[in-house]
Each structure stands twice: as C-alpha cells, then as structure tokens.
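Here chain A shows up in two complexes: once beside chain B, once beside chain C.
Moving on, here comes the complex of A and B:
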C-alpha cells in the first residue's frame, strides 16, 4: 500500500467516501461530493460560529449531533446527514427559528430568494406548533440612508456582525441585549457609515437587512439577470445587473476570487441610478444657434463633414468608462482617419502609464509580507473594495503600512531589509511617488517590490493600453515625435474641433473653468454620450449612445484583467456607439466593415496580442516581468 | 275529403291553440337580458375584484403571488411603500400598479387561490364585451371595490347590472 498522506483525511458521508485536506469542515467535505447540508450562519468567507444549529449532522461515536459548519473532519469519521434524528432536529431548529419570525414573506423583499423560506420548504415542519402571540420588534428601522433593518425577521445568525468584524473590520453592527430580546444594531442607534453595507443585505439569510433603493421594486422572479462589471471604479468587481421591465433594480455581486472576493462597495452597488435612462432621445444638430432633432444618418454626415473641415486639428476625449472596442475604434478614427494625435482620456495631470503599473495583481496583496498604501485613505476612496482585500491580508499577517504620499520615507524606514515580497498601492495621481519609493525599496530589500496603480474609471487601464493618450500609441508604443497635445493643453493649442465620447455619467467630461471659456468659442464640439450634461449647451452635434449597462464589450481593470460587460438594459432605438464611430470613419473615407463587437475584439487582439487574455478574462501581460 | 277537413278545421285550430295556451301558463324560460339577469352561482369565476377592508384600505400588498401563479401571465403588479401621508393598505407595502389582461385571462381562479390576504377574488361579472382590445386591460381602478359603506367583502359590486336577479327555476 502507498504511504498515507498526512495532510489528507478520508471520511464517509452518507456512505460515500471522500478525501479532503486536513482542516476542512464537514460542511465543505459534504459540498465536495454534492451533499447539501442546510445552513444559515455559516459563510465561506467567515470563521464558523455554529449559532443557528441548522447544519446538525450525526457523527458516529459522538453522543450528540454535531454542527457540520464548525466541526473539522477527522480520518475515518462517519457522518450521516439524512437520518431520522437529523431530520427531526432540522424540523425542530426551523420551528424555533420561526417562532418569532413574522412570516410576512408576501411583503418581504427577500421572499423568493430567501434561504429561510427555501429551507423551511425543504426541511421544515409543515405547520407551527407554537400558537402563542409572536414577539414583536421594530420593523423597517433605517440603519443608514442605504439599509433598512427589520428586527422581527432577524434570526440572529450573526452574519452581518461578523462581516462587520471579520471582513470590513469596521465593527459597526453588534448584537445588543440577551435571549429573546437580542437585536442587531449600531452603537447608540447612530446611522451606519460603512461603505460596505450593501454586502449585509446580500449575506443576510432572511429579509432582515434590505436595501432602501431596492425596496419593493421587484420580486426576484421578475428580474432579468445579466453578468457584467461594476462601472464605478477601476477595481473591476464582477456584478450582476438585475433589471425589471428594462429598468435596473439593483447591482448584486458575482464572486470573482481574484478581483472582488465576492464583495462590492456601496459606491459601486448603489451607483445604478446614474445609468437609468429617461425617455427616448434622437440625435441633434445645432443650426442657427439651436439644436434640431435629426436622424442618425444626418447627424453622422454633419459630424463627418465638420470633422473634415477641421482637418487634423481635432481633439478627441474618450471616457475611461468606454469599452476597449470603442476605444480601439476611437483611436483608429483619430490616428488613421483624421490624422490627429490630440487624444486623451484623462481629466488631470497624471504620470505616464507603464506596463509595470500592474505588476502586483490584486489577489497577490495577500501573498506579500509588507504592503505600502501610499496615500492611505485616498487609495481606498479610489477603489473601496481594496480595503476588504487589505483587511483580509492584515488578518492573515501581512503588514499594511498606510502612509501619506509625501511620507514615503516612513515606509522605507519601517520595512526591514529581509522582507521577501513588498507591494505598493497608489493612485494614478500619486504614481511618481510610488515609483520613487519602489526604486528606493528595491535597493534596500532582497525580495521583490511590485506596485499596483489604481487607475480612474472602469477602463482607465484599457484606455492607456489602447493608446488614448497624446504621446503613446496602442500598446505603449512610442509615437516618434508625432505626439499630440493632452487635454490640459488643448485650450490655446489651435484645436479646431473636439469629439467627446462618454457612456457613464460617473466618468464624463467635466469642463474646468478654463475649458468652459475655450469650449464656448470652439467651432465644433461633437458630444457622443449617454446622458445629458452641461456640455450639451456648447455641443454642435449630440449623438445619443449606450450607457455602460446597455452594451457589450470588454473593460480592463487596474490590474490589467480584461473582463466582459454585457447588455443588461435594451435601448434599441439608440445606435451602438461602435457603429456610429464606424459610420463617421467611413463617411470620412475609411472602409471599416465591422458587424459585431466580437469582430472588433478580434481585430483588437490581432493588433495587441497580449489582449488575447480576453478569452480567459485573464490579465493582460505585456512582458514576462508582469 | 276536402269537406271533412273544412269541417274539422276549427278543431285543429283549437288543439293547436290549446298547446299555445298551455305554455302560456308555464314558467318563462327566457330572460330579458340585459334588463334582467340570471343569478350566478356564488363561486362564479367572473371578472376579478380587488377587495378593501371595512375601513376602506386596500387588502392587496402587491406581493405578486397572483402574477406568478397565473398560468397565462396576464397579471402585472408593481409595489410601492405606504407613507403616513399616502396610506393605501394597512402594512408597509401596497400595489401601485395592478393590471389584468381580461382577454388573456382564462378565469381559472389561481390568483384567488394564491393570494395570501384574500385581496383578489373572482367576481360575478361575466358581461365583458367591448369594442377594442385595449379596453380589456383592467387597471386597479377597474378592479377595486368601490369605497362605500354598504359594500361588504363578498357582495357583488354595485357596478354589476344585476340588482334584481330573476328568481325563477330553469
């Protein structure tokens, strides 16, 4: 017989043998062979507490039933999950949980996707044995401007309090009182301030914590669910767009362990009202000072004509929330057709982007010894879900140093020379400080020093990769002296026209004071956008486009991961942005013949081979070093 | 031959008239619809009624169980939250929009069975003819019991044209 591996144990569950690593919970071992054990309090991302008692199973040689969510496997263990005794206990536990549960499922937002409801149907008693009046608590208590708490529905599983303690580390929610009087609440009933409250509603196994924005909007079976990417920041958290009757009801998280670790921040989760469409809209062209509604054909012909008139002196600004496909066409329209290099996606002064900016993948933060957050809260504000990753790393023993941008010296002194893996996080604006610190650290320590630069917008990284920059072409190629001017230099650079493309009000073109003056004197402003903005007032052509949530495409997050966004909302009367760009280019003499987004993605990958990563939703690796 | 028929003619007429007069004394089968209408069985599945509590608040909470139970998908419900200024139902939630497509409805009564608050029942009205398909989308106002003290939960709404049902056997 082969030698027995010491780190693997074999046990029997319901007569099936399963081998799992030591330190696995019975629950996870059962899940591995497809045996379902009902749970409420257990959560794969949190430490077991075994307070709900729903997962009781029979373990041979142990006198009482054991909670499968808190007992680790042992070699030779014999577990039974379907015996008569287990069934009786499951019925009784559900009976106890339901004693004070109001069973107001018809008016509960969780009804239809509620673990308590589902498991009561599957494992629970048909009728209640409890015929006394139920205890009543406060209903719909506002915990903050985002969350409502229904204390009657709460079954005290502690998931939200544990999230607050173990995942976000903010310790905002706590159990108050004892026994049947136990309630969930915040200190002194002050409004919760966490930026991760939306996650409470998702992990709550009953309808106790619900979102105020989603309140009574829909029942789960009405929702059309679309897998997409969060439009709020460059983190690229995976979301699900839940829409009812073509209106977004909510964003839910979709686990991607490498990026979001199944969490979302409130800024992203509750950003969807920005993407609700108000009514239909047609293209408009300014004639004799006022905007007139015209057809797409007319507006495109007008745009092409005006662009031709402006010659090579046209500047193009594409939002960092555009898809790679749109940016690819945008860059080709300017570089190949209009022969202009005045391209930009930025709104301020930032250091040049380099492929090295993505050397530290998000998930690798956990595997560093020391992580320097250069800019402290500023970095967290730019990508709030990073905080959850940093806190998780800290709990694992990674040393997190949050220092100000100018305090790089402090970090340099604090990090010992024998550190093996060091990570530096900084925002785009503070990149130079991060690069300087990285150089100094690389001299001091033996191990690797890598940085991750938090970009702006869900596709800020993609815009840099695809060369929506005045001085760099696609793939960070040098322009050999044919560089154009950046956004800040456009006023006063002889620019005769401006083409602005944006599909997210969160990352739109917001003119500065100086730009406003310049824009009002500009002979041509083409505004290709989703939602009305102050730029409408100076625009000569307004081309309605799709919102971030209304189109297909790919976006690249801060660590260079290319992920797909999908159409969650249909706005069929709006012509696809890439089609409009193609028609403008063709009207100017190009002969593009794309029929779908996939064809553009194919061309993009041919031009920039590292983007083949799009097929695996993997990171774009520009060289071996990244 | 002909003479015999002539002589017996009055007799034939009398026999025929006897049949006529015999039926004259029997109960009338025909109902003068629409002036007079037949009473429908108590469990008739006609046009739906949305009920109110005695205080006038609506029973419907907008839970959409009727909509999900409906085998033809003819019900659309959208819920909203009650506020102290605008209270429609007793609890937290009410139906802001409640629509039934009466042409698509198969009058199976599943909505009535699914309703956890007995808010919707099938009513006695079956005279639903109209001149345009759009007029068969019954909105909440068409379905709601009128606000009137004389209306109990189970009565026929006063809108139904059968104040005096014909009390007569078939």
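Moving on, here comes the complex of A and C:
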C-alpha cells in the first residue's frame, strides 16, 4: 500500500471511502465515485457561490445540511447524500424553485436538455402545493441581436453573471433589484456587446438565456450531434454540430481544456449559417461563354485537359479552411503532377512561417508570468477565445501587457529581468515585430521567451506545415531555387491558369481589384468550391465540393494541434473533394489509389512524420525546441 | 435585581454629545488608559471580562478579536450601526445620546486589534445620528483622539462614517462588508470568515454599537468588575428596546439576568390600557414568541434561549390580549420577504410563499392544510438558507403556530380575522 500522503484526504460518502486531494469540494469527491449530487449554480469553471441550495447534503457532526458545491473535504468526513432528510429537502428546494417558474416547457428551447426539468423528474416533488398567482416578469427580452432573456424562467443561479465577471471579465450582466424581484439585465438595458454571449445559453441551467438563431429550431432529441472544429479562426475551438433534418441548427461547445477551455466566441458559434446548403448543384463547364451543367466525369476530364494545356504555368490557391488531407493532395497535384511551384493559401503579405511560431502552446499562456499581446485587440479579434484564456491567466496572476504593434518597447521596458516565462502573441501579419521583440526580451531576461503566432483560418497552420506556399515544401523544406510565385505576383507572372479550392465562405478566395482584372483575362479558372461566389462569373469549370461542416479530415490550429473535423451534414450527391483531386491527378497521368481519407492521412504522416500527432489530436512537435 | 445603568449612566447629562461635556463625565479616559496598554493585554482583558457581542449572536468579543491572523495588515474594525430589525432602536439611542462614547469604544477596539482605519456603517435612515457621529468624529480629530501618532504613542487611526442605503440584510456582517465595498448588499460565503478575509479581503472585526460602548467602562474599571455585573455567562447590562403594548415604550438599560417581568412591569409600566399580556417577543423580529408563563425568565442570552427564544438584538415587543397573533406573524413574514436579498432559493421563494399564505389567512381564503404547509415551508427554509435572515424568517411564525394554532384555525373557519371585530391596535 502506498504511504499516506499529507496532501490527500480520505472521506466516506454514502458509506463508500474515497481519497482525493486536499481542497477538493464534496461535490467533486462524490463525482469521482459516481455519486450524483444535483446542482444548479455550481459550475466547474467558476468559484462556488452556493446560492441555489440544490446540493445540500448531510455531513456528520454538522447540525445543518451543507452545500456540497462549496464545502471542501476533510479527513474522516462522513457525507450522506441520500438520507431521508436530504431527499425531503431536495423536494422542498425544487418546489421552491418551481413556485415562480412558468413551466412553459412545451414552448421552451431548453426543454429536453434542461437541468431544472431533469432534476425535477429525478428529485422533485410530484405536484406543487403552491396555489397562488406566480410572480410575473418580462419574457423574450432581447439582450442583444443574439440572445433572448426570459426572466420568468430564470432561477437566479448567477452562472451568467459570474461568467460575465469571472470568465469574460466584461461584467455586462448583473443582478438588478432584490428578493423575488431580482432580475438579470444589462446596465440601463443597453444591448449586450460581448463576443461571448453564446456561452450564456449553454451555462444557463434553464431556458432563460436562449439563442435567437436557434429559437424554435429543434428539440434536443431531434438533433444529430457531430463532434468537429470551429470553422471561423485558427484557434481550433472544439464544437459540436447540432443538425436537424440535415440542416445545421447550432454549434455548441465541446470542451477541450488545452484549446477552448469549454468556451466559444460568438463569431465562431454563430457562423454556421455560412455553411447552410441552399440546394443541390451539379458541376458546370463554360462552353461558348456560358456555364453548362455536366457530370463530374465530364468536368474532371475538361479540367485535366485544360490544365495540361496550361502546363507548368498554372497556379493553385487552396484555402486555409481546407483539410490537411486535401492540402496534401493539392500540393502533390501541383508539385508532382503539374510540375508547378505556384502554390499559395494566403491572401496578403505575411512573414515566413517557421516551427518557432508555435513554441508557446495556448494552455501555457496560463503558466507564463508575463504575456505580451502585441497588437492588442487586433490579436483578440483574430482568435477571440484567446481573450478568455488571457483573462483566466490574468486572474491567476499572469501579467498581461496589451500593446500596439509599434509599442514593443513599452513591453520590453515593463518586463523585469527576473521574469521566468514570457509569452508573446501576435497575428501572422505582425510576426516580424514579434520576432524582434522576442530577440530583445531574450537578451534582457533570465527566463524563457516563447511566441505564438495567430494564423488565418481553421487550418492556416496546416497549410504552412504542408507547404501550400511558393517557396517552402512540406515541413518548411526550402525549395532551393525551385520556388514558384506567390499569389500577389501571379497577375504579372505569365500564369496561364488558376485552380482555386475552398470549402468555407469565411476563408475563400476574394479577388483584389488587380486580381479581378487579371482573372477576367485568364484562359483558365478552375473553381472547386462549396458555395457560389463572384469567382463563379470568371470560372471555366465549377466543381461543387463539400463544406467544412460536411467533410471528414484533419485541421491544424494555430498552436499546431491536429484535430479532426467530421461530417455534420450529409451532402452525398457532392463528390468528396479529395476524390475529385485524385481523379484530376489520375486523368493527368498519376496513379493515386486512395480509397479513404484515412489512407491519405497515413501517407501524409509517412511523408511528414511529426504529423503522427494526429493520432492523439496533439500538437505537432517539429523538434525538441517546440 | 437592582438597576445598574452602565453605558447609559450619564445620559441625563445635558449636552453630552459635546466633546467637552463627554470628557467631563470621564469620557476618553478609557481610550487614554488603553493606549498605555499593550494591544494584546487589552484583548486579554476584554476576553476576561466576558463581554459578548450585542449585535445578535452574542459571540464573545475578545475571542472574536483574537481570531485575526497574526502579522496580516492592514486590518479593519467595522462598527455595525445598521440596526434595521423591526423592534430594535437601542443603537440609535446610544449614538444620539452619546456619540463620543461610541467613538471611544471604536478607538479602543481599533487599538486592541491593530487597526489604523475604522469604519462605521450606519443605517441610511439614521440621518440625525449620522450627523451626530460626524460632528463627534470632527471634534475627536480636532482634539487629537483621531489622527496620526495619537498622543505621541505612535498609533495612527482614522474613522470613516458610511451610510447604508436601507436594506436590512446589510446588517449581516458579510453583506455589510460587501455593501461597504460598493457592491450589492448580499452576504458572502463563509469561510473565509471576516476575521480572515473581510473588508477588501483583509482581516476584519465587525462589532455592534452596543458592544463597543461597553469597552471604555471595561478598560476603566477592569474585567473583574465587569464580570461581576450580570450573569455568569452574560456579563454586564443590555439596553432593551421596548415597544408595543406597554405604557412606557423606550430604551431601558438593565443588568443581565433581570427578570423580564421587571422590565415590562416596572420600566415599561406594564401592559397598556389595563389589558392583559398575551405574548411578548424578545430579541427582535426574528425571535420566537414567549408567553406570560415566561415572565420570570431572566434577561440573559442563555436563559432566554432555554425558554425557547433568543435575546438577539435586545428588542422587547409586548403584545396585549387584543393582538391577532396571525396578523403579527403575517407582518413579520412580509418584512422578511421584502428584505430577502434574493440570493438563495429557500429564503427568496419560501418567504414569498409564506407571505402569500398569510395574506390568504388574513383575507379568509386559507385552507386547513395551510397551517401545516407553513410549518413545512419553514422546515425547508430554516437551516437551508444561505444566511440567518432566511432561517430567522421562519422562527416567529412557527412559534406562533406552536402556541396559537387555534387562532389560525379560527381564521380559516371564520373566513377572516376574528380580532377584526374588536378595535385593532398596531403591533410593533
């Protein structure tokens, strides 16, 4: 038997002995041995407040029932959660919560996934003995263009106000009035501004805070739920695609403590309408100036033929929202089959990427003592959930310095030489400034200085790792004189054809003015995409592809974590993008024989061994240093 | 027992509110003497005196002081002058009669615990009392009792006077601190207790007005002298705020242990209008009702607790034979419902429910089952609430059901209040 450790305590819950670290709440100790204690106000990410009084349990030697969510375990403690007293009290407190609850479950979006409903069934009284008029409050109060508040359904658990205070730090929601008149609201009823409001709907244990987009869309039991990744930025927050009858109803969070810590931003959460499919569509080719519907076979043959004519003078742009598997094939199509090095995934000028850009993992921000956010709000805007991690870190004592891109000196002066661990965050557009600051800080301080560069798109990092760049191959391999031209040079580089692949309207190919002129003169534009865009008008071939939410594959977030996206919506009449890419390559003489995405992933890992990280959904480690 | 005014002994002195007059009655000698002592010795002296808090819970004052963690500064003393419980008005009296005595007590307590900044949190409605304290603080500052390096003893002290905004809950010490910090007045989770993490997260002692006014006398006369007054577990005197159906309502300071009968009959001049005593409530709106059979119980924490009620904040509400006990309970329940801060479910919803039932009783719409339902609601609130406000909301009504169930049954059977037929007098 292991020696008794002083930081462990052993207690008994319902006769079962359990050993947990000191500082564990009774609630969590019980959970550890599978004992469920009903809760409303308690939330694993927030400090205990013990306001709802749902979780009261018996603790031997204490005269009163104790809140399991707020009382810490002690050695030798004897807890009972299923006694007659507790059971009777649970009926009492649920009865109290229900006397002023409208019980409009049949028209409530929360119905079916509502802790109040569930716990009333499990622990509550069979019937109410309250026969007075209920207190009435405003219903369907718009808190913003995203959220509705039903003040009658609110059970005043303080989760939303605590989120606003402890998680986002914006203090936008507050308790107003007191007693039975207490309501939740914003200052002067002004619309809420937060970019994290969607989280309120998930933490609210009743249907008081609901999403306007999801209003009356579905019943929870009618939803098909698919684990995937947020398509909106390079943070890589884990989501669940909830679809009803093959249409997306909402994105919900899916906790990954290393990435999102269980939260989403509103930009990501409410981005799903971009991925709704309008209807069925067939491939089209341009003949005599107008687009004609054809079969995939015909369109692929047409594409291969046209690409052959363009020879090595064809450029390829693949979106930073493509999967690694698609990018792997795209790069092989260009480098091996078409012998063209004109590859890009970018939309503007950015400094070269390198493995050091991911030296600071997202979760390590909490373990730094100083973090410089170079570019301030601009960095947050590029990956909004970063703000929540930064605020959490700040509450733990990490010093967060938000400075403008040109104000690196201010950060340099502010950071003491004794600092142990410093982090720098910047967007890829400002990478050079971050590198410069890092060098200066490394000279000044004793400790480590690491940076994390926010990229663009849910797979901007993967696109760089896989070499969707004119001058770098997979794994940041230098092309030594065999470099091609990047997107900005294409209009003047004698390019004879362009292949654009994209599957997200959020990260599509948006032509600049100069590019628009050039595109209209190009003899070949192949547009392999999910949704129609102005590029359709200049395209010679339109190859319908799957949306980000309709396919299977992997994407790499800004810190190099390879995560899986899955098919939340079934669009089986659309040919998988990888299959089309393979068929184009084979029509040009290649002999690829992939039968599945997994086989492509396998090849990818063989070519780029650090990508074995995909098996653990872990971060790619390029060398010991990262 | 003999009447031994202690904290009110000089209250007949004209212009006692003025510093010069207060000094002439011996004022501030306790403070000066305290400053000659080591703070720890002062704490020991107060511990030895047996002084118990007069704010409601009767917690030994010296012990409370000694809970402050060693070496953690700054630390604060907060004098609780929120006094908002129906039936209580002793702190108001102590302040308006002798604001300097309150201040002197605060200064002694501050010195004892090593506090350099003390606060007085005064009920918002107590405007004249606020002004009296404000003047007293200015005078004391002028005279050098408050300030830097007081009397060259190297002790710095300042006092800040803060008005509440009219919520009963802000008398509860943690809600008071929260309110003092500028937030909504709601109680905080304990632990940590204020002694460890109080005002602005620093070690804090909260003491009632009447508690601190005893300090100058303890310092001047010694712990043994103080201990000799009152009962073994209830040293000293208490100022009882007597109201209701007595001939002479008002504040009366009596030695602890004095029989309740003496307070009501001798000091209060007995029940008014030659009526008979029906019931009385010691302690304040929270406390359980007692009956004429309890008249010989001594005015003392432990004796009253043994009789089934609590001495609480030292109120004595007298009810004559014409009082409708259901209506009395209804008023208190409505008070608690109104004052419930709403933080926790049992108190917020339970007081709302009880208030509804009591209104139905009054309106003659209650059902026989409602009496036991009230008891059950009370059971669901008491001991389950976040703070004692919720618990206490159930004590008076439940005790009334215990002793006067027949009045509830009458309300139900007669579809209304049986006392309405008689001329009605105000209660409390």
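The definition used in the following text is that the second predicted complex is superposed on the first by the 622 of 626 C-alpha atoms of A that agree within 3 Å, B and C clash if a C-alpha of one lies under 4 Å from a C-alpha of the other, contacts with A are read in each partner's own complex, and residues count from 1 in each chain.
One rule holds for everything that comes next: a residue touches a chain if its C-beta (ideal position, glycine included) is under 8 Å from a C-beta of that chain, and two chains touch if they have at least 3 such contacts.
Because the structure is predicted, anything quoted here is derived from the model rather than measured.
Q: Quick check on the superposition: with chain A as the shared anchor, is it clash or fit for chain B versus chain C?
A: Aligned on chain A, chain C fits beside chain B.
Q: Tell me which touches more residues of chain A here: chain C or chain B.
A: With both complexes superposed on chain A, more residues of chain A are touched by C.
Q: Contact-wise, after the overlay, does A:111 reach chain B, chain C, both or neither (first, second, both, neither)?
A: Only chain B is touched by A:111; chain C is not.
Q: Quick one: is A:532 in contact with chain B, with chain C, with both, or with neither? Answer first, second, both or neither.
A: neither
Q: If we overlay the two complexes on their shared chain A, which of chain B and chain C does A:78 touch? Say first, second, both or neither.
A: Neither chain B nor chain C is touched by A:78.
Q: Just checking: does A:50 make contact with chain B only, chain C only, both, or neither of them? Give me first, second, both or neither.
A: The answer is second: A:50 touches chain C but not chain B.
Q: Per the contact definition in the header, classify A:215: touching chain B only (first), chain C only (second), both, or neither.
A: After superposition on chain A, A:215 lies in contact with chain B alone.
Q: Once both structures are overlaid, what angle do chain B and chain C make about chain A, taking C-alpha centres and a multiple of 10 degrees?
A: After fitting both complexes on chain A, the angle is 90 degrees.
Q: After lining up the shared chain so the two structures overlap, which partner does A:181 touch, if you call chain B first and chain C second: first, second, both or neither?
A: In the superposed model, A:181 contacts chain C only, not chain B.
Q: Looking at the overlay, what does A:139 touch: chain B (first), chain C (second), both, or neither?
A: So A:139 only meets chain B here.
Q: Answer with first, second, both or neither: which of chain B and chain C does A:479 touch in the superposed model?
A: Neither partner.
Q: Just to confirm the geometry: in the superposition, how small does the C-alpha gap between chain B and chain C get, in angstrom?
A: After superposing on chain A, chain B and chain C come no closer than 26 Å at C-alpha.
Q: Under the contact rule defined above, give the chain A residues that sit at the interface with chain B and also at the interface with chain C.
A: Overlap of chain B and chain C footprints on chain A: empty.
Q: Looking at the complex, which residues from chain A come into contact with chain C?
A: So the residues of chain A touching chain C come out as 48-54, 56, 63-65, 70, 89, 92-93, 95-97, 99-100, 129-130, 132, 135, 155-156, 175, 177-182.
Q: Can you tell me which positions in chain B touch chain A when the two form their complex?
A: 61-65, 68, 79-81, 91-93, 116-117
Q: Touching residues of chain C toward chain A in the complex: what are they?
A: My answer: residues 167, 184, 189, 337-346, 348-353, 356, 360, 373, 376-377, 379-380, 383-386.
Q: What does chain A use to touch chain B in their complex?
A: So the residues of chain A touching chain B come out as 104-107, 111, 139-140, 215-217, 219, 221-222.
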